[in-house]
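Shared chain: subunit A. Partners: subunit B in the first complex, subunit C in the second.
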Partner chain A sequence: MTAAVVTGVAVAAPNGLGTDAYWRATRAGTGGIRPIRKFDTSRYPVTLAGEVPDFRPEDHLPSRLLPQTDHMTRLALVAADQALADAGVDPGARDPFSMGVVTASSSGGFEFGERELRNLWSKGGQYVSAYQSFAWFYAVNTGQISIRNGMRGPCGVVVSDQAGGLDALAQARRLIRGGTRLVVSGGVDGSICSWGLVAQMAGGRLSTATDPDRAYLPFDAAAAGHVPGEGGALLVLEDADSARDRGARTYGEIAGYAATFDPKPGTGREPGLRRAIELALDDAGGTAADVDLVFADAAAVPELDRIEADALTAVFGPRGVPVTAPKTMTGRLLSGAAPLDVVTALLALADGVVPPTVNVTPLPGYGLDLVVGAPRPARLETVLVLARGHGGFNSALVVRRAGA
Partner chain B sequence: MTTHEHAEFTLNDLKRILREAAGEQEGTGLAGDIRAFTFEQLGYDSLARLEAGGRIERTYAVALDEDCLNDTTTLGELLAAVNRRITEAHPARP
Partner chain C sequence: MNGTTDRRGARGGRRAVITGIGVVAPGAVGTKEYWSLLSAGRTATRGITLFDPAGFRSRVAAEVDFHPEDHGLGPQDVRRMDRAVQFAVVAAAEAMADAGLAPGEADPHRTGVTIGSGVGATMALDREYRVVSDGGRLDAVDHAYAVPHLYDYFVPSSFAAEVAWSVGAEGPTTVVSTGCTSGLDSVGYATGLIREGAADVMVAGAAAAPISPITVACFDAIRATTARNDDPEHASRPFDRTRDGFVLGEGAAIFVIEEYERARRRGAFLRAEIAGFATRSNAYHMTGLRADGREMAEAITRALAEARIAPEAVDYVNAHGSGTRQNDRHETAAFKRSLGAHAYRTPVSSVKSMIGHSLGAIGSLEIAASVLALAHDVVPPTANLHEADPECDLDYVPLEAREHRTDTVLTVGSGFGGFQSAMVLRSAA
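The block that comes next holds the complex of A and B.
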């Protein structure tokens, strides 16, 4: 079967805009969680977030796109441009129907939608932007990337909270196997606005801490929810043969994937995460012994941390594999989190270094070899990335050094 | 937002509204006397026209029908239509 390889990446993260800035910060353990700047949070219980710094959309995008795009779509459009440039691909020189776009989304363009709802209720329907018709919509990033780059092959959007970031990459791999030559995939997400924050607060998993270094502490005795963030990553996937034929640099292969769904709460049956890990390893044609590093979902809700730790120790044994959660530096980026973890995994493969989990003192009872404090040098060939979505979604994805 | 009920609707007003509503196409832009250009030639699709039309309607307190904002409408034709409606809605006092 055709292998799907990654030939281009781009990052927009709270601790670095652009792949280089992000990777420099992440290797050094420098976080981007801060008090929210975008709106006044003085009357909200949640006051911290990971906001992408230094982004001036007008420096990157034509003015035609600005009135019709939410903030997270602008970030996504710029990331798509950068990922294609990183891959050395000029989409205008290719058959439009040979290229597709599959992104993940959680909530669409909430900031845009909030503004238009405010216009609707404070001024009247005639003040609502015509672009509200799509700018808030889940599929908008896929659509805008497709239009901007003339990608008229298979396109889609996956919505399964944080797990969706992996599910989108898996769908991109399916398309590559089905004959699409190139797919832009991943997720750039976020809704750091009053409506978006309140919507996330309703899920009951946001941290109310006010110290950025004590706010998002997965696998720690003080775990009490997560910090929301914005951003993510986009990747260019191609089939290995055509990537080789054009002499493209390859970051690695999307080698395995599986998704499971948790049993109904209260049934006492085992959650689906362990099975997702095992099925993904099977799909990659490997075993637990092949895995050199795991990027944890890292919910920072004690019950969910326990479920993840149990799944990992069941598959790998106690302290059987290094585990990290660089998302402690960014907050949880909704559907953007897992694609960012996948890119981070590929950069870790290339540099032979495990980026650290920051601020966390791991509870020994979880039985995890959590890489904390400082980056850890390691020879890496195969990395497992985990992501879970609210409501029972579990996804696992295996990346492997190209040609390994 | 204030309305300009008796004001004339000029090319510069239209350009400003188009820029706010939908930006301007790279390359062609909106510079100069572009009254003979159609919306299509200037790169404005149906949503861009809808958004610009809405802004004109609420700023100048006029109602525009769809014919005023076709892709083949020129900016000059729209200017004339809007000014005609402004005059009809607010006839000059004797």
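The block that comes next holds the complex of A and C.
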């Protein structure tokens, strides 16, 4: 079967805008969680988030796009440009029908939607923007990226909360296998606005800590929820043959994937994460012994940390594989989190270094070899990335050094 | 045409068949009622009753008369689930019963869910925003007034989660959200999972309940919806010279889709095979369409190729037919480009003339209409089509349903974001 390889990446993260800035910060363990600057949080119990720094959309995008796009769509459009440039691809020089876009979303352009809901309810229906019909909906990033880059092949959008970022990459791989030559895929997300923060607070999993270094502590005795964030990553996937033919640099292969859903609460059946891992390894044609590193979902909710640790120790044995959660530096970026982890995994493969989990003192009882403190040098061939979504979504994706 | 090789499907591998249908539609809760409405050419469009539409430009919609308690949903279910989710779980229950499967009867690990949704829990979000902002008075919304299930409205993957719980699925589960093609793309996604072996059974379809002030206002702003407020029963007029926009609708259609050999072994009634599916994008404009229909034509051609059939084998085209000026011309051009002379011979109709345009759900409701057309050898009509737009010159089956031998149906969708999708369904029994 045609292998889907990654030939370009781009990052928009709270601890670094652009792949280089992000990777420098992440290797150094420098976080981007801070008090929210975008709006006044004084009335809310949650005051921290990971906001992408130094983003000036007008430097990158034509002015006509600005009034019709949410913040996260602007981040996504710029990331798509950068991922294509990183891949050395000029989409204008290719058959438009040979290129597609698949992104994940969680809440669409929620900040844009908040403004228009405010217009509707404070002033009246006739004050709602002519762009509202498409600026907020979940398909907006895929649509705008396809338009900006003239990509007329198969396109898609998936929503499975935080797991969706991996589901999108898997759908992109499916399209590559089906004959599409190039797919821009991943997720750039975020709803850092009053209405978005309140909606996320309702999920009951946000940290109310005020010290950025003590706010998001997965697998720690002090785990008490996560910090929300914005951003994510986009990747350029190509079929291995055409990447090789054009002499493209290859970050790695999307080698395996599986998704499962947890049993209905109260049934007493085992959660689906372990099965997702096993199925993904099987799909990659490998075994647990092949995995050199795991990027954890790292919910920082004790019950969920326990489920993840149990799944990992069941598959790999106690302390059987290094585990890391660089998202402790960024917060959880909704559907952007997992694509960012996949890019981080590919960068780790290239540099032979495991980026650390910051601020966490792992509870020994979880039985995890969590990489904390300093980055850990390692020879990496195969990396497993996990992502879970609110309600019971589990996805697992295996990346492998190209040609390994 | 139906030799053994062909029966093995496009890639010579696993094939996906529909074995159960559930429908919640305007004017028709239940598949039987749905077919009665469509085959009678009855319209379910009316003045909006779900909220007071005074002051809005378009005040017409196709609403479902739906009482959740009649379908076993309790007060807590109703609080937790957006109206669209309620439609989805009710339609899923009907589909499971139709397929002869009790919840949990199929191996949960090999059963997945995909639900299409264009605009998620819009109705609940609109309602709750109004409360937490105190009617728009507060710029910083008040979390003390947030309902506990607001997160489930915030991220509509809750749609798929609720359906998965209701049918006992623990396989791959997701929401597909490609605007107005979500209902086709969700079923296409599920078909892909069955073909590649990730699941043996998929409960797949789509749901929408967008009839809420924010949706009506945003379509008012771009004049996409009809302003025929004085004649709501005749407001949805696809292909008609006097059409003036689409009529917003709501509803759900959910299918049980199974791997062919498995379905046959257990003696399930095979309602249709999903023989081909493809999507393309126009990469042109978030709401505009190029007049030439090229991308939809590409999607159709690819879907026919996957089904290994010639354009001449299409017995019926279930059109997108939204009733906007640009859509009806765009897809008429796409049919001519992809089907050639056969476009003029095959019947083409739009059920949106009767049930409106339910955004993310409509693609699945149109798959349901297509499968029922296969079952009955009857093509549903395009209601309200009295005088066709001169640029729309195909056989749109005006006003009355038509008896017509139907073994293969092409159904298409087109939507904001530039998405163009096509699916080929054929008799499998």
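To be clear about the criterion, the second predicted complex is superposed on the first by the 404 of 404 C-alpha atoms of A that agree within 3 Å, B and C clash if a C-alpha of one lies under 4 Å from a C-alpha of the other, contacts with A are read in each partner's own complex, and residues count from 1 in each chain.
Basically, contacts are C-beta pairs under 8 Å (C-beta built on N, C-alpha and C of every residue); 3 or more make two chains touch, one makes a residue touch a chain.
These numbers come from a predicted model, not from an experiment.
In this overlay on subunit A, subunit B fits alongside subunit C without clashing. Of the two partner chains, neither subunit B nor subunit C is touched by A:Pro14.
Of the two partner chains, both subunit B and subunit C are touched by A:Gln126. When the shared chain is aligned, subunit C comes close enough to touch A:Ala259, but subunit B does not. The vertex angle at subunit A, taken between the C-alpha centres of subunit B and subunit C once both structures are aligned on chain A, is 60 degrees to the nearest 10. In the superposition on chain A, A:Leu66 contacts subunit B only, with no contact to subunit C.
Counted by residues of subunit A touched, the larger count belongs to C, out of subunit B and subunit C. With the two structures overlaid on their shared chain A, subunit B and subunit C come no closer than 5 Å at the level of C-alpha atoms.
Residues 68, 126, 129-130, 133 of subunit A are contacted both by subunit B in one complex and by subunit C in the other.
Contact residues of subunit A toward subunit C in the complex are 39-40, 43-45, 68, 96-97, 100-101, 105-108, 110, 113-114, 116-118, 120-126, 128-130, 132-134, 137-140, 142-144, 146-147, 149-161, 164, 167, 171, 174, 191, 194-204, 258-264, 269, 272, 275, 334, 389-393. By the touch criterion given at the top, residues 55-56, 108-109, 112-113, 117-120, 125-126, 129-130, 132-133, 135-137, 139-143, 146-158, 160-161, 164-165, 168-179, 185, 189, 192, 196, 198, 213-214, 216-222, 224, 278-287, 295, 298, 416-419 of subunit C touch subunit A in their complex. Taken in their complex, subunit A has these residues touching subunit B: 62-68, 126-127, 129-131, 133.
Put simply, subunit B touches subunit A in their complex at residues 19-26, 43, 47-48, 50-51, 54, 57-58.
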